[in-house]
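Can you keep this structure in mind? I'll have questions shortly.
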Amino acid sequence: MADSRFFKNSGALSLEAIVLFTGATATPAGGGKADPKRTFSDIAPLESAGAEDVSFLDNVKYLGAFAASKAGACFVRPKFAARAPKGMLLLVTEEPYYCYALTARQFYPDSPVKEGIAATAIVAKSAHIGHGVRVDAGAVIGEHVRLGDHTRIGANTVIDDGVEIGNHCRIGACCTISHALLGNRIMLHRGVHIGQDGFGFAPGGKGILKVPQLGRVLIGDDVEIGSGTCIDRGAGPDTMIGDGCKIDNLVQIGHNVQIGRYVMMAAQCGIAGSTQVGDGVQLGGQVGITGHVRIGKGAKVAAQSGVIADIPDGLTYGGSPAVPVKDWHRQTVALANSIKKKHANES
Amino acid sequence: MADSRFFKNSGALSLEAIVLFTGATATPAGGGKADPKRTFSDIAPLESAGAEDVSFLDNVKYLGAFAASKAGACFVRPKFAARAPKGMLLLVTEEPYYCYALTARQFYPDSPVKEGIAATAIVAKSAHIGHGVRVDAGAVIGEHVRLGDHTRIGANTVIDDGVEIGNHCRIGACCTISHALLGNRIMLHRGVHIGQDGFGFAPGGKGILKVPQLGRVLIGDDVEIGSGTCIDRGAGPDTMIGDGCKIDNLVQIGHNVQIGRYVMMAAQCGIAGSTQVGDGVQLGGQVGITGHVRIGKGAKVAAQSGVIADIPDGLTYGGSPAVPVKDWHRQTVALANSIKKKHANES
Amino acid sequence: MADSRFFKNSGALSLEAIVLFTGATATPAGGGKADPKRTFSDIAPLESAGAEDVSFLDNVKYLGAFAASKAGACFVRPKFAARAPKGMLLLVTEEPYYCYALTARQFYPDSPVKEGIAATAIVAKSAHIGHGVRVDAGAVIGEHVRLGDHTRIGANTVIDDGVEIGNHCRIGACCTISHALLGNRIMLHRGVHIGQDGFGFAPGGKGILKVPQLGRVLIGDDVEIGSGTCIDRGAGPDTMIGDGCKIDNLVQIGHNVQIGRYVMMAAQCGIAGSTQVGDGVQLGGQVGITGHVRIGKGAKVAAQSGVIADIPDGLTYGGSPAVPVKDWHRQTVALANSIKKKHANES
């Protein structure tokens, strides 16, 4: 399925292996017993999957595609199993997308980092380079930088003096990093900018004065950061990103912001200075959060919302200015009704 | 007019040539007959144009500037012709901006690509480089990359293994491209990132699992993409951009998104995963579109709108959440009236 | 306080020096007289400051932290002085943040630019390079470029033919600049893109025609521009940024936009083509402004607002579409009340 110019399939998987590493229950759609030795060669979307492919159903929008799919096997929740087409092998689980991801990672494991410093890379003599590190063409590694084992620095990326990056990190091409300490297994996509000055200016009677930005950026383990995203260093305190955070493209994180663990932010979010975001928070795309507020653990914010005050733990907010999601939906309905009434009065 | 440090004027154009390639009708404002041999030396805005310049009136906001302009000639719609100042040669057409663009392209044609591989560019031996290709300093061209004829790769741009780029493309500086197949006559401005992993994570009982992103980015012919824009590759299906699309700066396009032909998107739009955008759609700046919806052919969405459901063909939507534009305007008026009433009650 | 891997403290400051350069009045919190010879070694936030540190209180949110702070000295407004903890030396001023910034700049002055052209930088022979200029690894300097004295060009940055940059500028890594004339003491952070084509297309009966973009970008003195920000060159007129503007990350500025002096824009703002922004305007994060409008001098726009019409001098606007801020707050309240009434009717 995947284009072999870009992806390498590591070979067939047996049903018993798939069941073993996912914990799903194998049940043929028409009844009967599944053959544990049956093999599958690839994963594929419902629409294009064939008899040797494993697929998944996670979004109810694709129930029709599921019912018509020719996939050999499919991860599916118990409640949708009855909609399966004849001949499909059901892999029943409450976490179909998670199981699909596990399977996809078996077919297409990450390729190992090939050790080597490109001839056109510039690496300072004082830099500490771990085992198995790769530095691609045109990358620049500053004085006293520390790169952990098996970490890869992409082409034309610039790592400034003193930065520390842990083990098994993958830093994309054309990134810049300064004033930062990064953990292990971090993935930065291309064009990520970390550690530049925060937006700190003191307007006064004599003009606008730039405030020295004297903090750092601290990033935990297992963090992934999307292309074009900018994370400013702290003004005095540090900017902090907790373990396991997943941040999409073109996100802006201001100085002194503290992000907890396992936070997910969709593309083009912006978080202003000194705001705190609790563990497990989820932000939709283009969300804006003002400075100096606290988003409670596990809170969710709908896409494009504008948050101007604290959000308690666990609540879902929406709108601009953001309010509890139930109120937001009611506001939307009230607004829609107001024009219906008006229109009715007119006719 | 244009600064000769940056732009080269290719020489005077006669009125008969301009009429020939634009189809406009030449009519002196004060009446009489236009001399087809009269020449013009440049194009210029209404405010600064002189007797040898060609200008245009397209936006009614500039009608005053038109009436006061000293431009030698001006493309203008028939309905505004009567407002012209004495002595101006009117170039009457229903498409004044289009005719102006044709004329500007005659005065300032694209300069041809000068063949050559810079000494500090890194080009893999297995790469296939077409005729007349230019690769600028510090660019990195990976294994098995294919670059079509007369294509230019900007300085410090990184093209990963296997990427194919067609003929007459202009890829700006500091771009990154992977997992992608690009058509002909494509223009990427600087810092465009194409082909990085989509934002695919499966949250499960055991944490957040990264989902391998196994699709590509396919881009048609005559597409232009602005600085800082990010287009993620598909998760399994491909991310697709149709022929003739024009995408502005800092736009985010998620995995599996399918954009039709001749779509125009203003800056800072974001389109979430698996959404389909029909031919000829126009999106204003900062529009956000949620995942898994369908924007019908020829639909228009007002700037800053948030689209959370399908939009039928040909309709114009606005607001967040977006509704048909007439309803949006009514909502805005109803909201404005609600505070007037309240204020009246208070006094 | 600041991490010595990244920041160099230039040594202790006496109270009399601090009073001299800030103009603040030194008053021990418990009464008595301050010793002008007392020295301080650093600046620090209220929470972590110790006896040798200077801190500041500017935001009423941190009044509790102020009352509990162990800072040796603290810039504070007269009205909050009474809340100071015993033993704190108050540095009383109406501009505490401005005074803090002055002090921080004394402890951590900008390091001077170290002259030198990196071996892997490519500098055209026709380029004019001033005194004390630094060009970092992999940077590309085009034909006839002019770099003023003591200016630094970051690694892998690309400066196209004919660009002029003044004295004492600091251009970050991975920037691209073309068709632009920059003043003195300008700071571009990483990944800034200046001078690319504006988004100019003429749709017509025969398709979408690209309009040549024949203007430049002109940037005044003392301007700071954040990472990932894009400023397109003019279509015919120039795009202009006035003296002293401070622009945050990931901002989009379209062609022909004219920004006055001392304008401040928070992250992810977008300004569409040909709009004029007056002196001293302040834009919150994610603000969008449509094309061809005029934002009056000293106007302020709340974060995430969408401006679709002129704003008079000195007014504050909010909302999308943006209205005077008092009306916007009333609309928000009216909307909140509308659902309370509805809910009351239901119960």
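For clarity, chains are labelled A, B and C in written order, and residue numbers in each chain start from 1.
Rule of thumb we're sticking to: a residue touches a chain if its C-beta (ideal position, glycine included) is under 8 Å from a C-beta of that chain, and two chains touch if they have at least 3 such contacts.
On a predicted model such as this, the values are computed, not experimentally measured, just so you know.
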item	value
Same or different residue numbers at the chain A/chain B copy interface, by half rule	different
Rotation, 0 to 180 degrees and nearest 5, that superposes chain B on copy chain C via CA atoms	120
Distance between chain centroids, defined by C-alpha means - chain A, chain B (Å)	28
Per-residue multi-chain contacts in chain C, two or more chains	120, 138, 156, 174, 191, 228, 250, 268, 286, 320, 335, 338
Chain B partner contacts - residues on chain A that touch it in the complex	1-3, 5-7, 43-45, 47-48, 59, 61, 95, 97-98, 100-102, 104-105, 107-108, 118, 120, 136-138, 154-156, 172-174, 189-191, 224, 226-228, 244, 246, 248-250, 262, 264, 266-268, 285-286, 303-304, 320, 332, 335-336, 338-339, 342-343
In the complex, chain B residues that touch chain A	120, 122, 138, 140, 144, 156, 158, 161-162, 174, 176, 178-179, 191, 193, 196-197, 199-212, 214-216, 228, 230, 232, 236-237, 250, 252, 254, 268, 270, 272, 286, 288, 290, 292, 306, 308, 320-321, 323, 327, 330-331, 334-335, 338
